[in-house]
């Protein structure tokens, strides 16, 4: 059974290889092949899952060692897989949601002549993501980590003819690379500390070393997580990443890849548990991002960007939870999964809307769409309810638990974090309601697209609708299922679990959560439900304007890194040409000049030659005598 | 008198010849100055021969004269041919090749 | 005396060069095919060497030794260790593709006289370079190595100056001028380096009395050859300077961008992927092997210079408009990594550096050759003249991207393995240096992606609209290289098995041992 | 004390008169010199008695035969052990027959043979009035461009005197490095200088420049030999003898003391030192060392190219031979005096030659300056003051002379309407027009530059190695830098030939007869052989590196 693990990755990888190298002859059938192989992976995942359930809780982890990757004196990197409950959760999420989105893309990308390559990239992503979660050592994880980065780069920039897309792709890759510095350094630290970087030994002997080392490792891992999961300060790429086709946003930039950071932290639980300082930083980053994303989400008129902000914020929740330690890990993962469902659903819904509205993304130009796309409306609505944590739906369970755990952190931190999470919940409710209202309610604010043909919204084709429905089901039922099926017990052997005791009763927390949610919804309703939505965005408060510009962090990056970097490189090019090269050329010129001057002595007059000889002789004599004298 | 004085004389003549080579333009005269230098050498040889009391120096002097004669032959041949082609015996005119 | 395999490996291309040069002017195509066949034959021989080499065996294998110039204490001594084997394999592997890629680069223009035979010359010179490089990897006699080190400049010089890139900015005269400037610059830089090395070589002789690498190393080891510390330092500097010019190490690098910019793409590959490796190879074998103490003495300075090369090279690469110069500066950055790995003096660092030499060779070849194909289509080296190529020539764009990703050492492609090993190896001994070097991975991503974005993406430019995609010949050049990159990226074991023992020898030369992990390994084992 | 001196003079003068011993001449040991001299005399007779049309052939035949015979004699002597075991002084102490002498004589003779081939070349210029013409003036005495010259050309006169002249010069050169007393040194110097002065004046084209070269060479040569002679006089005054052995003995004090009359008048070491300096100057002039080099570029440029090649090669060999013998045999006791001085000379020579060469525009001047730089490298070897120093210099001379003659032979091939096209701009794109010639010339240039696998490298390595072992490491470094500079201008020529487009009115490359072809081939072969497998010749040189005292 263990040997099936490799197949999980192999199937989509094969798909990627075939589709990308296959050439035009696969244009007709390529997308089916891609979808099929993703599904195969899902099926194998289910089989393994069944097998895993059949075993006792503590020996559910499966291992498969393929071959030694990098054998060097004192340095051993294996291509080996480890499939435990945590990985399994991800495998199912990735391959499941992945498959659905493959199906969705069949319809969504129908009119794109490069659809085959799109599916190739999707398969590549699925393979890489599975490698990331199945690796049994950090270096192999790094492999998958970069692999998903590549896939994301390719897919964000899929419409390369759009300069904005190409730029966004480049930005995403670069920001992620900054994060990768963290991951590489973390691995190096592990190597110098433990002499290995395989999960087993490293995590087992985490206690053997100093807390300082562990803190360093933890912070480096966090840096990596920030890059991949778009956490402050490396969050800037996610908004631009919405340049990619919507299915990509749904799969990669909502459901799976961006949650890799959470996986990394939870996976490294033992390290963080032993490094409280690092944990604190993690929670802070999570909290900040949580608010940051939420605020940004409130101001965006671009539906996808609004959702992107929300993604950022939700992942903030997860990171925060992961930072809480044993009391939070499980709920971080739980929220991750439920979020995977409803956020993917929301994105697909958004895609469906755009599909019907000539790819218009500005919500101010939507309005009243519920009559025209009922299914989309319903699925999107369910996703909406889930994310704002409407009691009974998946989001409710997972988010509520996180808020509870945040309070349970104890001390002032506990209170602060709890407050932040509550506030976040309120804002979430606010901006999601805003999205909902602006899109599906109110009067039509439609406008002709660039070519002047008016939008005539319509429900999307089956291939797109079915995945939305399924995801909606997931986002409705997911939470409850987990709650009842004992998700905590399922993950506990891997992540460990300690029940947090909040200073206030769990019931109170729940009540508060619901209350703030209602407030948020109410505010949004007053602002967008009662009055008509202006087609041209009002100037808005300072905060609003800042939020529209992603709270100015992009301007900051541009000013500091882009402009500064450009000047730096320019000046260095100059230095290279003028100074480094100049010295050499200068020397050459100098010798040349000397030569020119010396050759003047050769003036063609015998007598001057004679003079030089005479003088030379004199010098010779003088020198000889001098030598004897001294 | 002290034969060493002849050495001083020889040195003096040699120097005069050398300086002559440096300052005179006419090739013939320059050449004469060289001859003067050679003869200064002869004087030195003879003087030393006298001082050492062996004949080598005097014999060398004869050789020197022969060599000088040979130089005259070759030298005049060249100088004359140059003079005929340039109508000038000035060594400064012969400066086609330089730098 | 068994069959002189090493000599044969070098002799085949040498003889091939002479034959190719002898092909009459009219039979141009014959010359090309001859060159290709010869280079493939060399590849086969190199394969045999690789197969015959036993990783577990002696340090130098397949040894040959004949008296040559007794008065100078010079012998014709050949022998390969793992490092040499790997680099010979690299050289022999790349040359066929270089030949194939340069298939039309040296076709004579109509204006040239009938007796001028550029094609024959071009391929003959390439083969001659191959012969000399291979032999320099095999030489175990300092003098023999030095001679090749210098002599290979001449054919390289003619390749750069004689067969410049036809795609250039500006008039023909201008191009010719730039080209000969580049060629002369290349030659003088390396010649000066070589001459300074010559002084050191002579100095070494006056100290050691012979040139045999093995004998000197032995004598140093068993103390029968005393070398004053100052002497050792001077000799080391003399050698290192030459290798640093060749490698090239900042600030001795400025010849490389000119040379690579002006030369045709295949020749540029020949420079950076093959010939420059002799420099880094020689650092590993001669600087560390002959002057261990001085090497350790100089390490801090060299590490700093290497770091400067890494960051500086990458930053300047970002600032380039000419894509060939960009690749050149990228190479400078990569050579910084190699040198860093060598002087980190850890098993990982040096194994990584050796792999790096191989991988950088292949990846640069892939990137540069595709760039060459691109340039040959549009006739310009400036990135600004391109745009949207991936729409009209997707395969070209795809291969270009893969080459680029290899250059930024993406996991799964060979360079990642070596780069990470170098970083780990460096970090283990010099954590700060390791961290600084790690920033290089961001900069690498920057210049590669900028290159790709400016040329391949965006709206299709008018000039590139009719650009054909890769032709079969060109695909035959690129596809195998990419295949090798993928293979070595996932399964570098065949290479590491050969390299590791050699590295252990070098480590023992410098009497350095790897820093041990803080947590004793048995605890980790126990934890497993 | 004066009286005493006078008396002694009388007695010493008087007694020998009645019993002068008959000189004893070892004809076998002197055979090479005698053969060449004899052939020279015969050559003169040929000029006198053989009808004009017969002269050319007979002269060429005679010269080559004589030189070959002389070379055979040298080989015979060497084989007979006269270079090593039986080495000794011949001709009443006038001439030393030992390893260095024989080696250098052999080198000179070989170089001369190939040089004579270029003398005899008659294919390069188109036939004039149906008469084949060589590089020498139809009638040297005639005024350039005058009617008389036209008539001479019409009549198809040729200056076949060059062959006997060359033979005389060669004879002198053979004696020069073998001279064992200062008088012989001086005579030999004049014997090979005077004919060279004349040869310089005999160019067929550009006669004015040729004559000018002759004048300059002659005047400066005479000037320097005067200094040399005065130096000899002083040394004679110091030691009371001109025989090397005696002087050496006096210097290290083994032979009787100096005449008190001199001792108390002037510190006798002053005589020695000044004399030595003057002597050195005379030799350095012939070697072409800075600052006594200034005649070199002009003379090399003006003289007929075959003569230039001959001079550049053979003169250097002879002069360095003499220099070595002087420093190693006569003044070993003075090493600590002459070494620093020679250091200085070597350094300025290496750098000066290399640096000035950079900006030259005439190929012959360029080669002249390069020869100056090479003189500097050779001096580095001389300074080593060790047997390996001697052998390395010997080897270097052998290698260098063939490269030089070959290079100048190639120069004779590149011609345009005005004769040889020596201006560098004319050489642009030569590689495109005639790849073979350009390639050959490139080989020579690379050898000059000391690129490995050429004789130039072996020689340079040998010399520098010797210098380093002799404790002149700094000199090696300077030499290396100078070589770097020198490399630049050799490379420049190559760039010009191969990488620049040929000019429309560029020169044509004449197809030479078998003679020049032989010369060039010999040059290339020696260059490559000494580059690839120098061992045998190094052995030869090191066997021949012992001076007899």
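The first chain written gets the first letter, and so on, giving A, B, C and D; residue counts start at 1 in each chain.
In this text, a residue touches a chain if its C-beta (ideal position, glycine included) is under 8 Å from a C-beta of that chain, and two chains touch if they have at least 3 such contacts.
What you see is a predicted model, and the numbers here were worked out from it, not measured in a lab.
Asker: Going by the touch criterion at the top, tell me which pair is linked by more C-beta contacts: C-D or B-D.
Answerer: Result of the comparison of C-D and B-D: B-D.
Asker: Measuring from the mean C-alpha position of chain C to the mean C-alpha position of chain D, what distance in angstrom results?
Answerer: The computed centroid separation for chain C versus chain D comes out at 46 Å.
Asker: Counting in whole Å, what is the centre-to-centre distance of chain B and chain C, each centre being its mean C-alpha position?
Answerer: 66
Asker: In angstrom, rounded to a whole number, how far apart do the mean CA points of chain B and chain D lie?
Answerer: 24
Asker: CA centre of chain A versus CA centre of chain B: separation in Å?
Answerer: Once rounded, the distance between the two centres reads 97 Å.
Asker: I need the residues of chain A touching at least two other chains; which ones are they?
Answerer: Those would be 588, 599, 602, 604, 606, 610.
Asker: Two-or-more-chain contact residues of chain B, please, as numbers and ranges.
Answerer: Touching at least two other chains: 18, 21, 30, 91, 94-98.
Asker: When you check chain C against every other chain, which residues touch at least two of them?
Answerer: Counting only residues that touch two or more other chains, chain C contributes 188.
Asker: Which pairs of chains touch each other?
Answerer: Pairs satisfying the touch definition: A-B, A-C, A-D, B-D, C-D.
Asker: Quick one: which bits of chain B touch chain A in the complex? Just the residue numbers, please.
Answerer: Within the complex, chain B touches chain A at residues 18, 21-23, 25, 30, 91-92, 94-99.
Asker: In the complex formed with chain A, which residues of chain C make contact?
Answerer: These residues of chain C touch chain A: 188-189, 250-251, 253-254, 312, 315-316, 318-320, 347-348, 351-352, 388, 390-391, 398, 405, 410-412, 416-417, 420-421, 423-424, 427-428, 431, 434-435, 438-439, 441-442, 445-446, 449-450, 453, 456-460, 490-493, 496-497, 500, 503-504, 514-519, 521, 523-525, 527-528.
Asker: Using the touch definition from the top, list the residues of chain D that touch chain B in their complex.
Answerer: These residues of chain D touch chain B: 2, 5, 8-9, 12-13, 16, 140-141, 143-144, 183, 186-187, 190, 194, 197-198, 201, 207-209, 211-216, 218-219, 222-223, 226-227, 229-230, 232-234, 236-237, 240-242, 259, 261-262, 265-266, 297-298, 301-302, 365.
Asker: Quick one: which bits of chain A touch chain C in the complex? Just the residue numbers, please.
Answerer: 20, 67-75, 79, 139, 142-143, 145-147, 150, 157, 160-161, 163, 165-167, 170, 173-174, 177-178, 180-181, 184-185, 187-189, 191-196, 198, 200-202, 204-205, 208-209, 213, 565, 568-570, 572-573, 576, 580-581, 584, 588
Asker: Contact residues on chain A for chain B in the complex?
Answerer: Touching chain B: residues 599-600, 602-607, 610-611, 614 of chain A.
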